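In what follows, subunit A forms one complex with subunit B and a second complex with subunit C.
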Partner chain A sequence: MAATFLHDGGRGCCRLLLQAGQPGQGVRRLLHAPAPWRTANCRHATGSLPWESVVGLEIHAQINSVSKLFSSSQVKFAAPPNSTVSFLDASLPGTLPTINRRCVEAAVMTGLALNCTINKKSLFDRKHYFYADLPAGYQITQQRLPIAVNGILTYRYQVGASWNEMATKCVRVKQVQLEQDSGKSLHDDAMHQTLIDLNRAGIALMEIVMEPDMTCGEEAAAAVRELQLILQTLATSHANMSEGQMRVDANISVHHPGEPYGVRTEVKNINSARFLAKAIDYEIKRQKEILDIGGTILNETRAFDYKLGVTIPMRDKEGKQDYRFMPEPNLPPLILYDTNSLPANMKADQVINIDLIKEKLPELPSVTRERLVEQYGILPEHSFTLVNEDGLQEYFEAVVKLSNVDPKKIIGWVIKDLLGHLRQQNLTIKQSMVTPSSLAELLTLLEKRVISSSAAKQVSAVQQGNLKVMNKLIGLVQKTTKGRADPVLVKTILEEKVLL
Partner chain B sequence: MLGSGVREAAAALRLGQLTPTELCQKSLSLIKETSFLNAYITVTEELALKQAAEADKRFQQGKPLGVLDGIPIAIKDNFSTKNIETTCASKMLKGYIPPYNATVVQRLFDQGAVLMGKTNLDEFAMGSGSTDGIFGPVRNPWSYSKQYREKRKHACPDGDENSDWLITGGSSGGSAASVSAGTCYVALGSDTGGSTRNPASHCGIVGLKPTYGLVSRHGLIPLVNSMDVPGILTKCVDDAATVLGVLAGHDPQDSTTIQDHFQPFTLPDVIDVTKLCVGIPKEYHAPGLSSEILALWSKAADLLENAGAKVVEVSMPNTCYSIVCYHVLCTAEVASNMARFDGLEYGHRADVKDSTEAMYSATRREGFNDVVRGRILSGNFFLLKQNYEKYFLKAQKVRRLIADDFVNVFRSGVDVLLTPTTLGDAAPYLEFIQEDNRTRSAQEDVFTQCANMAGVPAVTVPAGLSSRGLPLGLQFIGQAFCEQQLLSVAKWFEKQTDFCLLACHENGHIVKQQKITWSLRHGDLRAHLTSHQFIYIYALYAV
Partner chain C sequence: MMVARILTSQPKNQIGMWVQKAVTRCWRRAEVRRLLSSQSKVPQSPTWSIDADADPQEGGVSAEVIDHLERLALVDFRNQEGVERLARAIQFASQLHNVNTEGVQPLASVLEDRALYMRGDSVADGKCTELILANAKTVVEEYFVAPPGNIPLPPHQENLSQQ
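Here is the complex of A and B:
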């Protein structure tokens, strides 16, 4: 389990949630790790005075759009280097940015899903720094007046050793801002050269800033996973961390209760939720230890070394950067409308109506979970598994529809048996050979007591490709028929029945 | 033919009196003869002849594209031209060949205009003399008028003729000189603080800065994005209106252009000024204003009043802060805009391989002149976190006040403002370079940059001759997007000044700098306009 777990990009926690009730070894090891997040408020009680830790997040999510934020070049993952670069992306003199409507709509939709106030007027700014993969010498961002502000993200996470001990927490979303991604630098140390790929330059990002309302790595990871799920539900971002479509920077500090926040460090470039949790907890522990021996924390940027499990200072960017922010003069203020303020004389394709986007909002994961709990009487933690696993909820609901079996019974089959087997074989629900209708049929038979629970489990296993279990089924038939059936014929009939 | 305006030339082309290729060849030979003016950085002879040949075909088929079909034009070398080197008169962009046309260039091409070349300027348009570019200063064609020469000889008999010549003003000095010398009918300049109007005034031609947002900046290599406007330099106001009709209107590639449809217009020949209200801003009585310009300004006001217009003194109380704020806002945007010139994607790259940072700094040190580097330095200073509020934000606030001054004046019933364009006539080069670029820009832009701060349109029209025999211009400033009214007034004024052509005869010799003599004769010389042995230049009677 542990190995699968490590290689899972964004969904590590789902596995954790699912497996922890069972004696999965890898999970055990994790639970018993010396990390401090097992206590509810993540206090660190070493030394005379307890420490409190605070964690804020800056999340960059690439907007799922056909073309870039300010140019018409295509957004393609893994395209040949410098093959999707317009004149603007290369900052040729005289080129001007023009905003991509789809990106604005995605940011508005995301803001709405995060309960933000959408600013009907937002502004663009230039943030200056010299870097080889930033051809203009500045990034266009929204420093002064972002597109969405003052939101809230609710997430749930496990607080105790048992999986039904879930806590609900909220983190304030300070803002959602639109900005450009940079290109990529590849340093070839042997040849003493840097290669630049501008494919990524100019792709739209949403920077989502979360206030320091989290207290430990697991909280931050849970918040990020919830955000990921929301973005995927909205289809505003693929939000795949391993592909760099979502990148998380964490600001971390510790202080004594009742005292002002301590000096914070920023941990950058974390590429999975699991590493995020590890990096934050390591950083909290490190800061605490330094302060305990009378040391001071430097306000610095650190990177997480996932092999060693530690954070290390990033190469110094020559002191503090002054980004010399300036209003972007080539983009007028971005004006959004609602149905009430919609100007009569403007064409529909020239305006963005917030209310229309609001109408298009799909059911958000938290609502889906509540509905599942209410509608089917399943446990809240099961609703998490259903929603977090891509396609599982649809699968579950299809089985419910196709059978007359109590959903509370179905959920165990879907999560424990079906998903459990799939996991073992590294498959996703969409790759399952057991269709919702065959599972529904199986469970109906079970419900009518035509077959026994163990027989049903064997059938389910065989259907998923476990042919060793076939012999057990043949054994069952022989037992029932008291040895009067021809084993070869039984096998043929069973193969026909079970596998087709 | 080259002495006349676009309309006359277009009519001659339509009547078959000459072909676009003949016109192009005349223009090319004149460019060669006047090459000492240093007006052109690149002469696009091959392209011009090709475009002219295509125009020939269209005229033969009786299907010219528009009024500019076959008309020789020139474009300032800070507009991107596809496959044609675009340098901004800087080492940084020497050898840079853009892969696309600026929208304004494309619109001129779409009308069949024939590009003669790319014109000289101050490096990245930073200057007011056209003296600070890597290709050397532009010489004002008026330096070689017989009238000026004689007066000059009289004033300083020991003067060295070779070094004793006048600046064109700037930064679009090459464009102004190219039109003034008759090598093309229309030139594009750019106008950020007066860069079109200032040289137009010094070279005795019309210079129009349209309303910000009316003409696309896409492809114009920026100086100050929030103030830059493509400028139009022509021999007469009608031509400016014609070219504006071609250039103006929404461009999806420039988000700051207005969405509203622009209706091209022609100016009536009979213009009634009796219902017009002309404002004379008292704050434009600036220190250093020459008595000649003051007198001309006053005469023009009288002229309007005598014709029945209402002429009122108005106050624009924030005018005096404008040039300082302009400097802060300009340098801040310059610092930002110039950041892309790092030697990586295009342009000059220093041969330094120690580190990326070392390469950047050497590239920028080698690539930019002192003026550009100075502006980058001060701009970055103003944008520092600790200074932003004190300088940049404050300058922006004052900019709003300056814009409000215009709004208030126009709201009070004033239709157009009448002001000087420059403090005086064109300075001799040796005198001009006694002061640094910054001081000169502050002096030269004093009457012009306010319109850029406010975004309103302004046009300079030749208004008379100085005692030295040099052209003097006056400026009309209009309300935003009211170019038709503005240019109508300008045309009326142009007619009143009894504008006429003076021919400059060089006695059949190939024009060379030392040998050139200009004989100035009054009167309508259209009869003489058939031979390319003549070089024509505008002059006019004093009002």
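Here is the complex of A and C:
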């Protein structure tokens, strides 16, 4: 194709929240405490008059399902254009939506993990706007009565220069709603046309709306990372920002303490946590500078240019948007049940029991971290690394089980040596050539003083494919045997021993 | 009178007898219906009517509103006649505002008390790129082709001065 296709027309919106350790009761406790989300401000330099900044987030997370929200066409990343499109996705006349049970369950599970109240009755609405990748001219969403409301997300983030200075903060989750994604537009500037791929049209999204309880980019990024971990733990979304499975819009405003919130701007479609922090901090700085010289902030939508590190106005919206919301006439209300309200005469596959989903909730990341610290006596910052790195926690726990070595010693080997080497070679823990059992064996040998710490490090390095270190090991053998061994034979034996 | 005559006459043959039976059946059904409707909770005639003069939306539609609507709906009202028709439609619909709905729950659909049918999460559709694209005027590879940006409408100023 003789064109440059760069800009993804994704205009979906999501919002996020953070979760407390104990679902349900945590919410009430926090609401009665002096609101923690109103306290501590980020480290922002203040001008003559101090400014306070507030940040709210809307996060769209793609639901991890096999088929779409209202049609049974496939959800597949990078499929050939328009190959996973049904007649409903293309809005052909006469088609009707049928909801995907899995998507409803995923939204309920996510709502529960974010300490939300699950609405036993929720409604669907049409949100209208014209865009070439939205063939129906409207998106089915939940505007009047979403599936989950009033949650809370607890997150920790680094306040000082070191990992030891962590602060715990909460952000209220306004709601979780189910909605459809739009298709994708590829803008071909050279040919002056737009190419439309409807593969994404109709894929299920959860829009998670977080109240403006954050005060800076770092906080928002930490909240988003925690949400991402929760979604991945629940397997309700892959939440991979670079593949667009999670898209974040941030609402930002500044005001003087004690005064009402200022006019806010919205920064759209940020696709990494790092850029989110940068975009928010830039926008706060920009707004302060304008207000300091007596200017006014426009209520506008802006985009983040990651190359220049600045936000720029987006032209596509003129004035106030009017989405002409109306109830979706083709979908009756979505009714959920709990164990006490189960209906008598309904087929089991037509009933969703909230209590059953609650029972199936896996251990959430915050709980896992606390358990790791308590159970193994490791540092809190190490528990973050273990949980954040996919598969690392399982790896660590396997090594602990297979050896009699103090977990506090193992953690250093796993995080510093193993993970350090893997990162250098751009590998993930699952691609590691050192199995938990061989690391356990190595550390047991070290513990019994059979081998020295430096020898252990070299063996570990060789096992990870660093063959240059092999010569050092051969040197060690030659030293021990006072040069009486045949170097070629030593090499063969070592290769067998170390690499297998 | 025709019915009475058929019902009271002696049928001359089998066809005549069938006709008589069919007419009797229809007549009884109509009687039952009449009886039921006299006991229906739905009033037989309107119990109140709206005051046609109490129209909240007086007169014409401003150029700004026309411009806004044209942008929202991507419809061109074109000329004075179109605008007048729009004004009449708005006036007609506005009568609804005169209905007292206090204490009445909104009804979005008569299917509100039905359960929403849920489908299992399996793939049974798609893979019909050719059919889907058959509706398109222009196609590049397997893509639909649309004009750049959004649907072209004249800029606000120009549009307003025309009207």
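The definition used in the following text is that the second predicted complex is superposed on the first by the 442 of 500 C-alpha atoms of A that agree within 3 Å, B and C clash if a C-alpha of one lies under 4 Å from a C-alpha of the other, contacts with A are read in each partner's own complex, and residues count from 1 in each chain.
Basically, a residue touches a chain if its C-beta (ideal position, glycine included) is under 8 Å from a C-beta of that chain, and two chains touch if they have at least 3 such contacts.
What you see is a predicted model, and the numbers here were worked out from it, not measured in a lab.
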Would you mind checking whether subunit B and subunit C clash or fit side by side on subunit A after the superposition? clash
So, does A:Val104 touch the first partner subunit B, the second partner subunit C, both, or neither? second
Comparing subunit C with subunit B, which touches more residues belonging to subunit A? C
A:Leu186 contacts which: subunit B (first), subunit C (second), both, neither? second
Of the partners subunit B and subunit C, which touch A:Phe325 in the superposed model: first, second, both, neither? first
Which partner chains sit in contact with A:Leu195 here, subunit B, subunit C, both or neither? Use first/second/both/neither. second
Just checking: does A:Phe130 make contact with subunit B only, subunit C only, both, or neither of them? Give me first, second, both or neither. both
In the superposed arrangement, which partner chain does A:Gln74 touch: subunit B (first), subunit C (second), both, or neither? second
With the two complexes superposed on chain A, say which partner A:Tyr138 touches: subunit B (first), subunit C (second), both, or neither. first
Should A:Val66 be classified as contacting the first partner (subunit B), the second (subunit C), both, or neither? second
Partner chain in contact with A:Ala90 - subunit B first, subunit C second, else both or neither: both
Can you list the residues of subunit A that touch subunit B in one structure and subunit C in the other? 87, 90, 92, 98-99, 128, 130, 132, 192, 194, 196, 322, 324, 329, 331-332, 350
Of all residues in subunit C, those that touch subunit A in their complex: 68, 71-72, 74, 108-109, 111-129, 132-133, 135, 140-151, 156
Using the touch definition from the top, list the residues of subunit A that touch subunit B in their complex. 87, 90-99, 126, 128, 130, 132, 135-138, 192, 194, 196, 322-326, 329-332, 350
Sort out for me which residues of subunit B touch subunit A in the complex. 79-80, 86, 88, 93, 96, 98-100, 102, 217-222, 224-226, 252-256, 259, 332-333, 335-336, 338-340, 342, 344-346, 353, 356-357, 360, 380, 383-385, 388, 392
Of all residues in subunit A, those that touch subunit C in their complex: 1, 65-67, 71-74, 80-90, 92, 98-104, 123, 128, 130-132, 185-189, 192-198, 316, 318, 322, 324, 327, 329, 331-335, 346, 349-350, 352
